[in-house]
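Just so it is clear, A, B and C label the chains in written order, and each chain counts residues from 1 on its own.
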Amino acid sequence: MDTILKIDGVSKRFGGLMALADVSFEVKKGRILGLIGPNGAGKTTMFNCIAGIYKPTEGRIVFDKETGPVDVGGSRPEQMTQMGVARTFQNIRLFGSLPVLDNVRIGRHCRAAQGFWGAVLRTKGQKAEERMLVEQSMEYLDFVGLKNKALDLSSSLSYGDQRRLEIARALASQPKLLLLDEPAAGMNPQETASLVDLIHAIMRKDITVVLIEHDMKLVMSICEHLVVLDHGVKIAEGGPRDIRENPEVIEAYLGRGAAHA
Amino acid sequence: MFEQQLFNGLTLGLIYALIAVGYTMVYGVIELINFAHGEVYMLGAFLCITFIQALGVPLFPAMVLAMACCAGIGVLIDQIAYKPLRKAPRLAALITAIGVSIFLQNIAMIIWGSRPVPFTRSAVPAAFSETAFTLGSVNVSGLQVFIYALTIAMMIGLTLIINKTRIGTAMRALAQNATAAALMGINVNRVISFTFALGSGLGAVAGILVGMYYNTLSATMGYNAGVKAFAAAVLGGIGSVPGAMLGGVVLGVAETLGAGYVSSQYRDGLGYAVMIAVILLRPSGLLGKSVGQKA
Amino acid sequence: MTGNKTALKLLGLAALLAFPVLPFSSEYVMHVAVLIMVYAVLAMGLNVLPGFCNLLDLGYVGFYGIGAYTAGILALNHNVSFWLIVPGAIALGALCGMLRGAPTLRLSGDYFAIVTFGFTELVVLFLTNEIWLTRGPLGLPGIPPIALSLEFLGIDWRYDFLSEIPYYYLGLAMVGAVYVVMCRIEDSRLGRAWLAIKEDPLAAASCGINLMAYKTVAFAFSAGVGALAGCFMAQWSMFLAPDVFKFWESFLVLCMIVLGGLGNINGAIVGAVVLIALGEVLRVLLPKLGLPAETRFLVYGLIMILIMRFKPGGFFPTIAATSKKSRLILDLKARLQAERAG
């Protein structure tokens, strides 16, 4: 099994606070990995390191590009997106005053090329690209089930739809690796069920998924492999069953003594 | 020559520091560049001479009165213009601040005219224009001694207020984290008003001192002083009160020495150049916390 | 509906073209009309930064000054052709724009506002003190008017701009060209990238947008447009002095786009029309009230405060609603409606 992403001894320090301490794990291509842990465990910090928003204080983040594995730690966010890593945000960050379609068109930014002169002169190439951007964006919206809302203002969408739009925007950059930060947060059971279907559909597109999620039922049902963080340290790793029975994990979630209770 | 410039620069620097403190405190509590602060400084100077000329108040009580008025004006500016925009996009508040600045400048122009006016000489003690003491080749005037004493005393007072009083602690808490401060039961609006009052009062004193020092007042004097005090605040690290004090002094000395030894025509541009250099090399300033892209 | 709109647009255009020959179009009215066009270009150019990228530019007329002096000096002292002056001035303006913005690229928008606040002052200082180049406070009198010629093509044709009327038509062409360019950019990959940066820089970067590169393009473009307005103005007014480019002018242009609605291209033009017309009225009215003419800025300041407080989308929100409809979107809308119906 190929590795698409290798986290190798990554630490991140903010002043005196150690948000991540020597964390290592691997993400296998075509699989879905769950990153779990109590609040403040360092999960989102880990995502931010992978997505290029933070530069790790120590350690390597090795991403398998077409040309072979490269240490991408410290790359900028747009470089990571260009390489094929896309993400969603824990607290939804859509371009709220823009239409749904434009959010996805912007998501597709790095797979298009026209710049200033193309826009000013409206060249043939630019017009063709603009047409294509609309078509492709509509396909992504169709994929997440928002086709009919393409021209609505994105801030007018329901909470669940906003989460879906964020996923469509991330998919539009044609990622090889998709980082989903609590996609089910705030969703009702029905929305969560259709989210599971959506994640399975994403997997079928040969996209590897890393998922941060608090909904344990959801995580346990769709992840084959889990990594557990607590206070910035990896405390366990394995299949759903191993994790559920791991005393350290139970302790981290329920507090000291709970494992023996 | 050099020593004389140094003392002159120090005079100017202490005044800049007094203005810069006002910018930096407001930025600390509501993250807004209060462009109208330069105008409060200008109003301080004009109000002071008006009290002297129209009401016959002696200099020192007139200063206190002007200071109190400006503190009130500062609070009013915040209440009327900025407070309704606390939750609006940052740009809206910033644009409003610029609007207030221009508005006040023109009010001043209507009241006191658009031509520069001299400070009321008769109200200034004779001792101010005499040489107070001579240090080697340096002549220090009575006014300069007064400026040193007053500005330093005010800065010590300010430091004590910020560090030793309840409201000062609340200000620092607000600067750290507004939401948490509100949750801890701090009356956020009262602290913000207090900050505006404090900063504006100090700004008014600075305006009066500059008016006396250069013996000229104009409705547009706030713009240049604003840019420079701003540069001083950035130099010291925006949001840091000791930084603004240090930044003001450094800038005043640099400006006076620059005018003396490099180019007197570009004197007013020097503050700007210093600011650009700081932003390029150390955007967090001399004493500030690190800053980055605000998401 | 659409037919009516097209007819209305044509009528408007016809009125604009016929304007100079209308009976009330005195030399003064024409002068004000040309002035409005210069400010319309400035307003559209300034709009790029606060309107599309969420960056407050407080020193925009610095570029206006750079463009004007470039044109003035080249035309007066070196007799350079208008065809070369325009691209030269734009390029210099764009370069200065990039240099001004560069130090703040990695920092928050507040730092950009701070840097621009003093920028006009620096430009005025330069224009005042570099007497060898600009004649300093005396200003540059006697700049030759615009002369269009095709002599460089070997064609013996030359046209000198001797009254307000040719400036009116050239100004109209300039406003039109800048307007079309602005609309095209707004509805393009570049424009969307700017709007993304305006909404949420972090999310924009995560969409693959290189913030520094796109902000730099915005700095250059915005400044280039300002310089264009400057070089038109220099040869139109035929006299330049450093005082023309003080901070207040930047404020006036900012007030125009605030009035029209930040980010609204049509609004920028409307803002220019309203404020220049208002300025002319106040200029006459205020001295009669015994007030100096400069105090008209009191009104502008008040407008700015009130708009931000009560109508942050600008005074004419409906103009914004009609602007953003490209062909592609209209087609898509029709298609979606057809699908829903069928």
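Keep in mind that, in the parts below, a contact is a pair of C-beta atoms (placed from the backbone, for glycine too) under 8 Å apart; a residue touches a chain by one contact, two chains touch by 3 or more.
Owing to the predicted nature of the structure, the values given are computational and were not obtained by experimental measurement.
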Touch-based graph of the chains, sorted into line, ring, star, complete or other: line
Higher-contact pair (C-beta pairs counted), B-C versus A-C: B-C
Mean-CA-position distance for chain B and chain A (Å): 47
Inter-chain centre distance, chain B versus chain C - centres from mean C-alpha coordinates, in Å: 34
Rounded Å distance between chain A and chain C, as computed from the means of their C-alpha atoms: 41
Multi-partner residues of chain C (each touching 2 or more other chains): 200, 202, 211
For the chain C and chain A complex, residues of the former touching the latter: 181, 184-185, 188-193, 195-196, 199-200, 202-211, 217, 221, 328-329, 332-333, 336, 340
Chain C-facing residues of chain B, complex: 31, 33, 35, 81, 84-85, 88-96, 98-107, 109-110, 113-114, 223-224, 226-227, 230-231, 234, 238, 265-266, 268-269, 271-272, 275-276, 279-280, 283, 291-295
Chain C-touching residues of chain A, taken from the complex the two chains share: 51-53, 76-78, 81-82, 86-87, 89, 93-98, 101-102, 105-107, 109-110, 112, 114-116, 118-120, 122, 126, 129-131, 133-134, 138, 147-148, 150-151, 169, 173
Residue ranges of chain C touching chain B (in the complex, touch as defined): 50, 54, 56, 58, 103-104, 106-111, 113-115, 117-119, 121-122, 125, 128-129, 200-202, 211, 247-248, 251, 254-255, 258, 262, 291-292, 294-295, 297-298, 300-305, 308-309, 312
